[in-house]
Amino acid sequence: MHPIKNGCKYLETIQSQHRLKFTFYYKYLTMSLVQEFNDYRSKMNEVILAHDHLPLKRFFSLDNQMYQEGALPVKTKELLGLVASMVLRCDDCIKYHLQKCFENKVSSEEIYDVFAIANMVGGSICIPHTRRAAEFWEELIGNREEAKG
Amino acid sequence: MHPIKNGCKYLETIQSQHRLKFTFYYKYLTMSLVQEFNDYRSKMNEVILAHDHLPLKRFFSLDNQMYQEGALPVKTKELLGLVASMVLRCDDCIKYHLQKCFENKVSSEEIYDVFAIANMVGGSICIPHTRRAAEFWEELIGNREEAKG
Amino acid sequence: MHPIKNGCKYLETIQSQHRLKFTFYYKYLTMSLVQEFNDYRSKMNEVILAHDHLPLKRFFSLDNQMYQEGALPVKTKELLGLVASMVLRCDDCIKYHLQKCFENKVSSEEIYDVFAIANMVGGSICIPHTRRAAEFWEELIGNREEAKG
Amino acid sequence: MHPIKNGCKYLETIQSQHRLKFTFYYKYLTMSLVQEFNDYRSKMNEVILAHDHLPLKRFFSLDNQMYQEGALPVKTKELLGLVASMVLRCDDCIKYHLQKCFENKVSSEEIYDVFAIANMVGGSICIPHTRRAAEFWEELIGNREEAKG
Amino acid sequence: MHPIKNGCKYLETIQSQHRLKFTFYYKYLTMSLVQEFNDYRSKMNEVILAHDHLPLKRFFSLDNQMYQEGALPVKTKELLGLVASMVLRCDDCIKYHLQKCFENKVSSEEIYDVFAIANMVGGSICIPHTRRAAEFWEELIGNREEAKG
Amino acid sequence: MHPIKNGCKYLETIQSQHRLKFTFYYKYLTMSLVQEFNDYRSKMNEVILAHDHLPLKRFFSLDNQMYQEGALPVKTKELLGLVASMVLRCDDCIKYHLQKCFENKVSSEEIYDVFAIANMVGGSICIPHTRRAAEFWEELIGNREEAKG
């Protein structure tokens, strides 16, 4: 058995015996930034939507509609979502749109054009978010190369 | 002895021998989100107030007075504190006011009304904060049910 | 004829002869803050909705739904809308929610409780917005007293 | 002589005799939103640059470089500048990028796609800025039609 | 009689006969940016404080205490207030601290150092606020020279 | 061999065998807040600059120039950078300027003057950031005392 998984298995036994919380710790050891972000996002979106708050559900649904093809293509809309997330400095929103950009074949050169404009408009206060964005982007690129290689 | 505590005991021995820092790691394994937030908050507030900066101490004190009963009841004031923290996107402030709301018998339905308005006013940039707020709220609710059960 | 209206009539003649723009000037002389805000808001909402952008129209419609009675009453929701607008420092949003609060029988004492919490959470940077909010609120109150008197 | 100009001439005589300030008033009567914005922007940029603060001048120059063609075309970069300005809620920055979008042949449908995403990401707090953006955009469009007609 | 004052006198007669509002218009014609800002600020602060909301009054009072000499001198504190107001993009707060800086003998070169850092940290979104700040600063400087000359 | 290093060595073996990611976990156990921040900052700045985006590189370079001696001394400029980072609520920027303040011999009393003004201007929403800033500052002070002791 995988030694980390094995160690985690052991921790899970302790956890269930003692009702402690360390799910996140487990994840940290075994997951990539991308997986970790997506897992938490899916899990908590489910929790939120399960509360069945109609206007809030409509808000979530409208958020999806906004990025569908309109006068502007999906790719441009995702670039807009990314730059808006960067100047408002929300790491999770940045990660979400970086993934969408990646799926829509945005190149690294184009991503860095967005990074540059975001820093110019939003200021040096955006630099730490740019560092985390760059790390996430490298992982997305890295995963693709690994898949090919 | 509690196996996690035992493991941590071992780490603490290493720590004291080598003057390393991993208090937080220990906490992560054994504490809930609620406890972790409250512990860090208390500890650091003490550090800050120990510096005896008079105007800053008055500021902290005034912050408490603001939420005491006035023309509006405490419960409404805590809802105001929560929505303001959400649109300004401060996770720790959200946690603080969620606890206060919980103590003031705010229901989950009312909390989700606040979540919805915060997202509407503040935009989709608030969604990741709503996810973390929902997680914290579930733990508060869960603790209560556990205490009852 | 009303002398201001008369003067404005004269300006309008000049305007139509020379295709100049000074509608706003006219309004400034003859309108209250409340009327001016409401007129501009209605006029420009019409312009926006006339572009028939479906997701944007849904967004405007959802914005209305959010403040309808839910687990929380309309009055509390308007207080939430007001405090959120104040900490995000949008004068027009503040004006809008002040009117809604006024229609929902919020008292001056309650409004000042909201002003106080908004300043505490959002900081002294909110003070100039509080000044403009106070001016608008006085006019709302003044109009009511004038109507009664 | 142009009656408004004539009236203003009279006011200017008074002004020079009494060293009063009402330049802006004059402009309000005779200028469009677009002209007014551009005039003030040029005049004050000159004042700022005349202070010869080297890092600040480099900052202004870099701001121009950011929107030059790179991996992304100028048009897309201006859309990015517009959405960033909208979610950060700066009316003057919005006006600047609306003009640049207009010069780069962005259509009204595309502009409204940007408005919609900005409102979604930034929230209903962006609605008043959208109203002012829409007014400015109508004037840009109107000027073009007038020029053609 | 002063021709502008005379014209305004005439308008005031109309105003009192017809209960219209155009106080601001009068001020616009006869006042400087500095006077206009200070007058409105004083008048509305009075309105707010007259409501006798104790925590809000303490907040206003604490705001004054913060800028009194401490470990840092008043001048440095005012520079801090100015840069904070610029990155948070509040024109009225900027005006207030520019006046305080002026009273504390801050030079134009020092002010432009603050402008530069504010733009760097806060981004190009601060440029329009820098323009308005520069205009206000020129008037402060101009008034001093006029007084001397 | 150092037991933590030894343990981490073991984890690294597992890591290389299984291509897992837990570098951060390793760092958490053995590094201080200061080291951790500086390491991540250096590493990711390298990644960003390696993309050779000219305007973005100029932006990074200009960010350094801004804090060099001008009309204001370096120490004052770093205080400005700190207060701006606090009101904009960026923990990493706060850490960066705290270090720079520390290197420029800013005292704890002066730092708390900055904390106080930042909280006043930016509001109670800055309190959690003040807690993290205080923790980082204590470590900087502690390291110095340890070095001396």
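A, B, C, D, E and F label the chains in the order they appear, each numbered from 1.
Keep in mind that, in the parts below, contacts are C-beta pairs under 8 Å (C-beta built on N, C-alpha and C of every residue); 3 or more make two chains touch, one makes a residue touch a chain.
On a predicted model such as this, the values are computed, not experimentally measured, just so you know.
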Query: How would the chain C/chain E interface be labelled, same or different, where same requires over half of its residue numbers to be shared?
result: different
Query: With chain centres set to the mean of the C-alpha atoms, which chain is at the far end from chain C?
result: F
- line: Between chain B and chain C the C-alpha superposition rotation, given in steps of 5 degrees, amounts to 180
- request: Measure off the straight-line distance from the CA centroid of chain E to the CA centroid of chain F, and report it in whole Å.
  value: 35
Task: Could you grab the centroid distance between chain C and chain F? Build each centroid from C-alpha atoms only and quote it in angstrom.
output: 43
- line: Taking each chain's mean CA coordinate, chain D and chain E are separated, in whole Å, by 24
Message: Show the residues in chain B shared as contacts by 2 or more other chains, in ascending order.
response: 53, 55, 59, 62-63, 66, 70, 84-85, 87-88, 93, 109, 112-113, 116, 119-122, 124-125
Query: Classify the inter-chain contact topology: is it line, ring, star, complete, or other?
result: complete
Message: Give the list of chain F residues in touch with chain C in this complex.
response: 87, 119-126
Complex contacts: residues of chain F adjacent to chain B: 2-4, 28-33, 89, 108-109, 112-113, 115-116, 119-120, 124-125, 127-128, 130-132, 134-135, 138
Field: Residue numbers on chain A that touch chain D, as the complex places them
entry: 62-63, 66-67, 70-72, 76-77, 79-81, 83-85, 87-88, 93, 107, 109-110, 112-114, 116-118, 120-122
Message: Quick check on the complex: what are the chain B residues that touch chain F?
response: 14, 17-18, 20-22, 24-25, 40-41, 44-45, 47-48, 51, 53, 55-56, 59-60, 63, 84-85, 88, 90-93
Query: If you look only at chain C, which of its residues touch chain A in the complex?
result: 53, 55, 58-59, 62, 65-66, 70
